[in-house]
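Each of the two complexes below includes subunit A, the first together with subunit B, the second together with subunit C.
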Partner chain A sequence: MQASEERWLIVAFLLPTVAFMLLLLWYPFLQGVWMSLHRWPFMGDPEWRGLGNYTAFVNAEYFWVALQSTLIYSLSTVFQLAIALVAALVLKQRFIRWRTLWRGVMLVAYAMPPVVVGAFWLFLLDPGLGMVTHYLIGWGILEEPIYWFSDGSWAKWIITFVATWTFWPFMFLILLSALQAIPDSHYELAEVYGANLWQRFRHVTLPHLWSALLVVIILRLAFNLAKIDQPFQLTGGGPGYETSILSVLVYRFAFMSGDFGMAFTVGIFLVVFTLVLILPFAWLFQRQFRPGH
Partner chain B sequence: MGPVGTETARAYSRRELLQLTASLAAMGITTSLTPEAIFGQARTDLKGVTIDYWNMVGVQNKTVRRLSEAIVTAFERRTGATVNTTWDSYGSIIGPKYRTSFKGGIRPTVFDASGRWTGQLRRFLRPLNDFMEGSWDAESREGTAWLIPLVKRQNQGYADRDQIYDLPFGLVPQAPVLTRRDHWEKAGIDWERDWPPRDSDHFLELLGQLREGAGVRYPTEVYGKIWDAGDTQLNGWVRSLDIETSGFINADWSRCNCDSPAWREAVQFYVDLFRKYKFSSPNSPQSTDEDAVELLIRGRKSLIHADILNRGTLLERMPDELRDGLFQWAPHFPISGGTSGSQTFLAFVTFHIVKQEGPDAALKEAAAWEFVKEWFRPENMIAYSKSAGLCARRDLWPQLMGSPDGYAEAVTRMVVNPGVWANHPKSVDIQYNLFAPHLQQAMQGAPVEKELRNYTREVNEALRA
Partner chain C sequence: MSDRATGFQRVLAYAGLIALLAMVLVPYSYIVVTAFKTPGEIFEVTWIPEELSVDAWREVFAINEFHRYLWNSLLAGVGCAVLSLLISVPGAYVFARKNFRGREVLFYLIVGTLIFPFILLIVPITITWIQVGLYNSIVGLLIAFQIFAVPFSVWILRGYFARMPRHLEECAMVYGCTQFQAFYKVMLPLAKPVIVSVAFLSFLLGWNDFLFSNMLTTGDGPRTASVAIYVATAGGERIEWEVMMVMTLITGIPPVILYMIAQKHLSRTFST
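Showing the complex of A and B:
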């Protein structure tokens, strides 16, 4: 009797979440899949196209350009991780003074809305007015300004760089928390046994940090690939389609062209692309909890 | 009720009104906002009626914004109506805001836009023919009558093309030439002989001289930014070569024109100005005429094409230099060998009244029409022309002539057999969203012919859909 009551209680607790998932996640997702099989104009009646949108997208001249820029943009996760890990490890060191101050300084970029950070970098990198160009020319590194946002080969790296600068503190925060949870006694013991810096990192820090690393990689990959506002603000997806990462293409189709069928088609590609990148890390994360690991 | 974020036009005190009038008058811009008109008896009683006005033209510069505010206030004082004004931008109608708002039921009573962008909203709009024929002063009606065939041509793909949904009050001939006269002197170019540029060969020659003599590395600019790529000087160059295929789509809206020889030649010249001759800056794939005007003001450009709407910026920033004739406007010119006799596309700044529902629908629509009429008053038309282009009323053009920068002479000379862009429901997509990436690709080095072919295919697919 008690077990049955508990079961009902569990069901009651789960119901809101399940309802939320069904109504606000799975229903819109399945509706999106359905719409991707249609020509679905913003104003007007939908028309069945089967896989027409998918073949049109794969055969479009911008398909590989968009995929390449998405891949480059996803690298910002790697750059964010590298910066965050180094910063967290440095701030963990006992000899660092004013650690609270440094922690605050490092979080500044993440505390600002991404469009503010975007506007800031638009100004800094402006070839005519920006300080970056001014100093690079002043120091003799450049002979003439680089038009970062107008040259496709630069633009995709610049949006990646700005994303890195904006979002690395998120990783830093989580990694630092995980690092601070490692007892000092572990390091002291390792030192007693003669472990050098690398060995202490490899055998003490990394195993304790592993879960946090996987979590931040998974989260930031998903968040980065869904970013629209900042890359769109910086380049509008251009020049051409050079910085039209898949999420920006979704926006371009949905809200600029009013073609929801094509927008959801690109959206499905984005889901698959994200899953392909995330699944290995998710598998590694799950594996930790299996017996023997 | 206006949408969230609506900025309501506030009531002005007599003192504030006089200050506003004085500041506009100081710039040579008078409006209907004269104390006599404001504080005299209202001509039309619309007390208790509220209309929502979405203003787009005010985004162009502060002078036009102040002019819009003044006209709204004058109308409120004259009629007793209340106008809730939302200050908007071109991006809202080119982008998703207007169509999503309209579809979601958030609509103004009246709004201004550009006639070629409103096909997507046509089913929400009210035809204006009955107002224009029955309740409009003869001067305004006759002064704008010459435009009606052009408006119908712009809408020729619709079965109800004779219904006027878009009433032009401003004209933007695309795109006159703007220069700094001091650069000509510095470069030793004979102004009397060489101004204005005659054709593309002459243009190249002048740019070369300006670069060498005036020391301006990139004396002109071609624009790749999405809103300006297919909207400034390029289309006029296509038209100078061939009127028939100069629009993005053909006369019956069944196919795209942009794989024509005229398009190939004009786009190639456009790209060459940037890539081959290097007269345009490396920023070209993302640049706009507003950026170029800013650089012209700073002396870092010499001879550019600029939308006449930028005149307000010059008025704001360089009033003395404008008065001294430092800046000079001239008509657009043909590609060498282009003998079509027209090198202009004429964009309209238009008023639209949205179909109203409910018991007071007719009253609101009538109030909206009264508000539209306010803009056509001679003093407002002239004030608008001085800060943002050319007014629709041709009978008032003589009053615009004689300005030191010669803007009115330049733009009125351009309005000869002009092209008009089709107001197709997908015109925003065709003219901006689909076109700009291809032009930008060509500016990055992709073959012009290939990009135009791909663009044509995309537009044809969109038209078929």
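Showing the complex of A and C:
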């Protein structure tokens, strides 16, 4: 039996968080689910369709194209992780001079709003006047400019690249913090036992890093899949549907065709898709660390 | 390991550092160079401008009134951080350290919303904001930011509170603290690292946001720097790249400075 004082504290403390969650997240979300079951034109009367929107979406010609580009775009999480891990391991070393300065430098891409970084890469990759094309042709790697943002086979990789360049410092930030917390004595001990570089990474670094690794993978997968501003800014979802990752597709339906029913259908599908990608990592995370125990 | 690093290890680490610096700094330096070019030279790929020009810098403040947008961004970042702490800290504390029925379910209902695409919520939110008069106001913007700030703050805060020693509150209460005082006087000061970290990360979310700032504000409202920059690029026929690069540079500085301040706390927060 809890003291009544404690019960009051629980209720009072939970109230803002729970009220917020219901009003700002779950209410609009469930409203969206409801809308996805209708034909719901902008400025028009909704009409019940049941699961009609969903079958229409799955059978649409752009369905597989959009799904493929979404998968490629979510690969960005892997690239971000690779860069962030290297950066964190390097900038943890004590013998590196001016470490603090370099750590700040690593952060500049993430410190700028993503649309700003997007605009900048639009400039750098411009086929006519951009730096990248200029050098690639100058060095004889390319014969003629590539239209990165409108060439179907390049565009989805380019938006993935820009996302990687923009967002990897978030992972770096958290991984470096986790690395810094590993006591030196652990490494010294490992050295006494004659562990080599790989063994020290495998048996000292990795176990300490595990929790942080899972956190950044889960967070970035979720954030990347919800990204809309930057990929939309770079390609507008085109050419055709080549770079219409699911979140961009939501935007296209909602704000360009005014078809809220379809927009929310794609949105709900995206939620399920994200959930499927994240679940294995969430399961690993829960297994190794149970809060409150 | 650091003191007795082998030569091989040093070479490896410095090679990695150089590669990383090149990846970040080559594009970034080009922003800096471009910011000092004259409009005519923008379209030539050169690293040393023939003529140094500060016209772009003057234009950013005198004509574009960029300081106005920067101020809005600052309000958005700081406000987002403060509000998300106010909403998440008490909840996360209770989720981590009190037992009650439905705890896990409620917790996952909050953290699970991390996977909601924000774009999905923006239509209902915009409609509601217009109805209740929060549209085009800084308060409305700050509340909307909580959609992505709160779930992730609650998650990080709860993890930290849960790792704190088990009987802290009981000890405090033995010394005569009430439940609330135990939280306020003992737990909160001990949780300073995670509070600073969450504040910093929430600040970044508010400072960098484009989607909500763009949808929920208009030109004469509390428009933030990121939207102002976007508008500057998406608008006319000819993009003034040099002006854009100046705005980009300025907007990128405050988060880096804040990171330098928050670094120590971040490393305490994300250790296992």
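Just so we're on the same page, the second predicted complex is superposed on the first by the 287 of 293 C-alpha atoms of A that agree within 3 Å, B and C clash if a C-alpha of one lies under 4 Å from a C-alpha of the other, contacts with A are read in each partner's own complex, and residues count from 1 in each chain.
The rule is short, and it goes like this: a residue touches a chain if its C-beta (ideal position, glycine included) is under 8 Å from a C-beta of that chain, and two chains touch if they have at least 3 such contacts.
Treat the numbers as computed from the prediction; the structure is a model and nothing was measured.
S.K.: Output check: A:M43 vs subunit B and subunit C. Expected answer is one of first, second, both, neither. What do you get?
M.R.: first
S.K.: Does subunit B (first) or subunit C (second) touch A:L136, or do both, or does neither?
M.R.: Touch status of A:L136: no partner.
S.K.: Report for A:T235: first if it touches subunit B alone, second if subunit C alone, otherwise both or neither.
M.R.: first
S.K.: Examine A:G152 and indicate which partner it touches, taking first as subunit B and second as subunit C; both and neither are also allowed.
M.R.: First partner only.
S.K.: Scan A:L284 for contacts with subunit B and subunit C and give back first, second, both or neither.
M.R.: Neither partner.
S.K.: Tell me which partner A:P127 touches in the superposition: subunit B (first), subunit C (second), both or neither.
M.R.: In the superposition, A:P127 touches subunit B alone.
S.K.: According to the contact criterion defined above, which of subunit B and subunit C contacts more residues of subunit A?
M.R.: Larger number of subunit A residues touched: C.
S.K.: Just checking: does A:Y62 make contact with subunit B only, subunit C only, both, or neither of them? Give me first, second, both or neither.
M.R.: first
S.K.: By the touch definition above, which subunit A residues appear in both interfaces, subunit B in one complex and subunit C in the other?
M.R.: Shared contact residues on subunit A (touching subunit B in one complex, subunit C in the other): 254.
S.K.: Show which residues of subunit C lie in contact with subunit A when the two form their complex.
M.R.: By the definition above, subunit C touches subunit A via 1-5, 8-10, 13-14, 16-17, 20-21, 23-25, 27-28, 30-31, 34, 42-43, 45, 86-88, 90-100, 106, 109-110, 113-121, 123-125, 128, 143-144, 146-147, 150-152, 154, 158-159, 162, 178-180, 183, 204, 207-211, 214, 225-226, 229-230, 233-234, 239, 241, 244-245, 247-248, 251-256, 259-260, 263, 266-272.
S.K.: Contact residues on subunit A for subunit B in the complex?
M.R.: 39, 41-43, 47, 61-62, 127-128, 145, 147, 149-152, 235-242, 244, 252, 254-258
S.K.: With touch defined as at the start, can you tell me which subunit B residues reach subunit A in the complex?
M.R.: For subunit B paired with subunit A, touching residues are 94-96, 99-100, 103, 120, 123, 224-226, 281-287, 295, 300, 425, 428-429, 432-434, 436-438, 440-441, 443-444, 446, 454, 465.
S.K.: List the residues on subunit A that touch subunit C in their complex, please.
M.R.: Listed in rising order, the residues of subunit A that touch subunit C are 2-3, 5-6, 8-10, 12-14, 16-18, 20-21, 24-29, 31-32, 83, 86-87, 89-91, 93-96, 100, 102-116, 119-124, 129-131, 134-135, 165, 173-174, 176-178, 180-182, 184, 187-188, 190-191, 197, 200, 208, 210-212, 215, 218-219, 222, 225-226, 228-229, 233, 246-247, 250-251, 254, 260, 263-264, 267-268, 270-271, 274-275, 278, 289, 291-293.
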